[in-house]
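Multiple structures follow.
Two complexes, one shared chain (chain A), two partners (chain B, chain C).
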Partner chain A sequence: MIPALVAIAALLLPLPFLGVAPNRLLPGEGVTAIAALGPWVALPVALLALGAWRRLPGWVGAASAGLAALALLGLAGMAAGERLADLAPAARASFGAGFWVAMVGALALVAMRGAWMGVAVAAGAVLLLAGGWLDQLSLVVEGRARAEALRGAVLTHLALAGAALGLALLVAVPLAWAGFRQPRLGAALGAALAGVQVVPAIALFALLIPLLAALLRAVPALRDLGLGAVGWLPAVLATAAYLALPLWRSVSGGLASADPAAVQAAEAMGMTEGRILAEVRLPLALPVFAGGLRVAVVQAIGLVTLGGLVGAGGLGALVFEGLAQFATDLMLLGALPILLLALAADTLARAAETRLGRPA
Partner chain B sequence: MIAQPVIAIEGVTVRFGGTEALRDVTLHVNAGEFCALVGPSGSGKSTLMKLVNRLVVPSAGAVRVRGRDVGQEAAPVLRRSIGYAMQSVGLFPHRTVADNIGTVPRLLGWDAARIARRVEELLALLRLDPGMATRLPRALSGGQAQRVGIARALAADPDILLMDEPFGAVDPITRRELRAEMRRIHAETGKTILLVTHDPEEALELATHVVVLRDGRIEADGAPAELVAPDAAPFVRDLLGGGQPGLRWLSLLPARGALDPRPAPAGAPVLARDASLADALSRLAESGDEAVAMEGEAGSVRAEGILGARR
Partner chain C sequence: MIRLRRGLPALLLAVALAVLALPGVASWLMGGTQGPYPVARLWALALDHAALSLAGVLPAALIGLALGVVVTRPGGRGLRGAADAAAAVAQAVPPVVVVALAVPAFGFGWAPTVLALMLYGIMPVLRATVGALEAVPPETRLAAEAVGLSPGQVLREVELALAWPLVLDGLRVALVLAVATAAVGALAGAATLGTPIVIGLQNQNAVLVLQGAAATASLAFLAEALLLMAVPARE
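Entry: the complex of A and B
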């Protein structure tokens, strides 16, 4: 199994496992896994090897790989404490490339051998955090220092993504219906929405600011509604513009996916146009639509990150602040929750989709 | 008194874009008739049928159903009063068999208990297992789906039933069963049935009234035996007659019409009372006798009587 081999190589080769720096902004000095962990390095290596052993049942392999991931995390926390013991309080110990490669390898192995074990790994990581094992790591120090801001950023992020998704639905669903009724209009709409995707996301976010500013100058009454050229408005608008295509496409595809014979039968039996839509077309469109909705939800969580650039806040603000300060851990503090939110949304949406795909 | 036709199509022309699907077609179907529309593909037979429930609107001429012009009624209301079954069946894949069958009664606002009773009756009428009611269409075989489609068409007990090649997509054995089923249902319910088919044998076997179409015009319109008789128009006789129009003609004539007062020889084969002349000929060929007896009759059916059908 390749992920296990890669992870073991990352631990045994001279790659920096931890970086130890005098403060949060200066680049650190790399410490290899063997130097940082000493004989303990054998524990994740053995667990990874066990996880990759095909003769073992899948759940044993997944559990073993999951324990390897947790061991990496816990051991990194311990090693960080040891390294920082004699240094000034401002010193930081952060994860190095070797840690990341080994961690990604271990998680990939979990995914291959039994993805459900991922939940146990997440729970284990929370326990390690709560038990104080990770307190010496720079990422956790950064997180504790900004706990309040982080919590607010997660909520803002979700609110922005939700608003963009709602707006995109409000636009895409009626447009899809119109395009379905008039194929020529549909082709034009498809081209227009696809055109939006060609614009680089950052450019679209930035472009909206002068456009909105001009609009607000022309119609000052909009300002009284709490609208501004900077802040949540451009972020929601730009994200919604990107979400419109997958939503539009899945609604159109879903509407077109209804068996023409069923629609014809419905008509011949005396269903009105509205009933055919409600009783035949929409129920048959749901599974296709659910797929598009899942893509859109994940995209929304990812794209709203760029809202950090236009003053909308959210986790993107942390990422871009970290970028501006060259503070890797601050970037990670923003980026990791985005990743986790996207994964969680995808998992939930997939479960809902499976349900919808199975008619009652 | 002349009975008023249930379906009256008067001088109807239908144009789709530039092409004429039907040209000045007139057709009357009386109550209780089993009328088959036959013709090669593209002859306009489906279009003609769809005029009846306004799935197709005439470009010229009038269509009257039960004496009323179909244009005067809202199309959904008209359609709920006319059963409709088609080759692709078009069952709703997300609804159970019972819900599929109950579609039109639900549209008509029947209460749930009445719909449930009716579904039960129809499952029995179409000889479907009652346990099938809760299944989804994808669990059905082609023949079962076709039966459910017919049950759905009959659900609200319409006096008119339109069937667009309903047996086209099933295997020959199932098709034969379904035909027998339709003949029985027609006999039991006395509904007016309009059947579109490209299978002449099916038309002759089921229908009491056969209409032959070609290029959007009616070529012939009459009782099955008339249309394959030796003096019928050659195109019609070719289309309906298969390779042996003479035999097919005999199969549509009752043997009783050729009864001879002379008694059959002892030991001769005995025909059923509803046997055709073709049945009589077949028995004669098997037995080598020159006459066959008939159930409940003193006389006999003789070879010269069969061959005298022409006279």
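Entry: the complex of A and C
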């Protein structure tokens, strides 16, 4: 079990487990896991070793690995409190590389032994947070200080992702239908949408600003509709441009998946084109389309991050503010919720797909 | 055998985009009043960008290939689901988020971007390798075993030899994706063709943004053209 070995190595080797810094911007001084946790370091190590033991049933292994992840979190919180006790109030204790590697290893072990245990780990982390165990960690301090902004950013992020997804659907579905009826048009559309993917995302977001500015200068009436060259408009447009390909592919693939013999039989029975679509093609296309929709939802949540660069707000704005200030906690405060939202969307969509009848 | 014609459209596109990135052309198009990015510095950034992309793709190619071979061996089939799931998660998290998560752990510079490109590149290579190895007809494998080849020889001389063109297709996709996404490295302090984009955004200089974008896309198409030309077509 490689993840367990990596995680244990990260705890026992001289890697910084915590970083203790005089304030939120200065780089911290590294403290190894052995120095920070003392004898307690044996607890996560033992739980990781137990979690990797193949003789044990999968759920015991997963539970043990999950407890290791929670132990890492709780012990890091306690150690942070000890380290900060004699320091000025502005001092911060943040996670170091050793913590991250050990945490990723523990979570990978959970995923390998029984992924559903991830829900219990998430619940445990929420309990640790609510119980005040993590209050001394820099990330939590930063989160408390910006709770209001964080909540707003999550909502904006979801709204932007939803708008981009809706726009992409509005464009991709009719295009896929047109391409399905005229294969030559379809081939050209496919090449054009694939070409978009080669444009670096950061460039597409940035280039839309001057293009939209020129458009708004040419047609000032658009301004009255509340459209602006900076803000949500470029973010939604650019994200939708990247989502169009997976959506277009899945709709086209779904439409093409109907057996020609079944379609011919329906025609022979005298069904109209509309009824063939509704009763033969769509039921067969639905599972394929659901797979494409899942990819698009997850990509939307990730890509909207770049909206932070063009003034659209959302969690990306926190990430880029953090990058600009070299404030690592602020970066994490933006990036971790994006990761969680993307994983949650993926899990929910997979469950919905399975209920739809055919796992992807 | 080198096939120039296969890569020609991508090569022409690369040249056209490179012209678009020239200071004179870009500032004429954008009507910018601020200074464009000089060619010499753009060229230096392009070399850095290419090196960074390769640094991300090479480990991804090795890991993807190794995982692909392991999960198609009789002893490794149990790992298939876990490998697929891990690669899917790695692909679902966009590089900019990986960079933001990796900077706190590894600091500014190349490391966060290399990690992001690596995670992003494993899935195309893994998928191509697994697909290609599974497409080898079982009779061929049985025949090779019957002649007395060891499992290692069957893998090297029969399976990988037959699967190679498809695997190279996956490597090409991974490389082109890496070149296109390496621009985000500029946000984490790595010198790439994303650097003019970020500077342009900060100073509201659209000329720089266009130059960086066109140069990045040009490099991506150049990589595509070179690999298409170097790799023999599938018969």
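Going forward, the second predicted complex is superposed on the first by the 357 of 360 C-alpha atoms of A that agree within 3 Å, B and C clash if a C-alpha of one lies under 4 Å from a C-alpha of the other, contacts with A are read in each partner's own complex, and residues count from 1 in each chain.
In the analysis below, contacts are C-beta pairs under 8 Å (C-beta built on N, C-alpha and C of every residue); 3 or more make two chains touch, one makes a residue touch a chain.
Quantities reported herein were computed from a predicted structural model and do not represent experimental measurements.
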* Scan A:269 for contacts with chain B and chain C and give back first, second, both or neither. => first
* Asked: In the superposed arrangement, which partner chain does A:112 touch: chain B (first), chain C (second), both, or neither?
  -> second
* Scan A:88 for contacts with chain B and chain C and give back first, second, both or neither. => neither
* Now for A:225: first (chain B), second (chain C), both, or neither, which partner does it touch? -> neither
* Between chain B (first) and chain C (second), which, if any, makes contact with A:202: first, second, both or neither? -> second
* Residues of chain A touched: more by chain B or chain C? -> C
* Structure fact -> chain A residues contacting chain B in one complex and chain C in the other none
* **Footprint of chain A on chain C - complex, ascending** => 30, 82, 85-86, 88-89, 92-94, 96-97, 100-101, 103-108, 176-177, 180-181, 183-184, 186-188, 194, 197-198, 200-201, 206, 209-210, 212-213, 216-217, 220-221
* Using the touch definition up top, name the residues of chain A that touch chain C in the complex. => 27, 94-97, 100-101, 108, 111-112, 115, 197-204, 206-207, 209-210, 298-299, 302-303, 305-306, 309-310, 316, 319-320, 322-323, 326, 328-329, 331-332, 334-336, 338-339, 342-343, 346
* **chain A residues touching chain B - in the complex, by the definition given at the top** => 259, 261-272, 275, 279-280, 283-284, 359-360
* Structure fact -> chain B contacts chain A in the complex at 53, 55, 75-81, 84, 86, 88-94, 103-104, 107, 136, 149, 152, 162
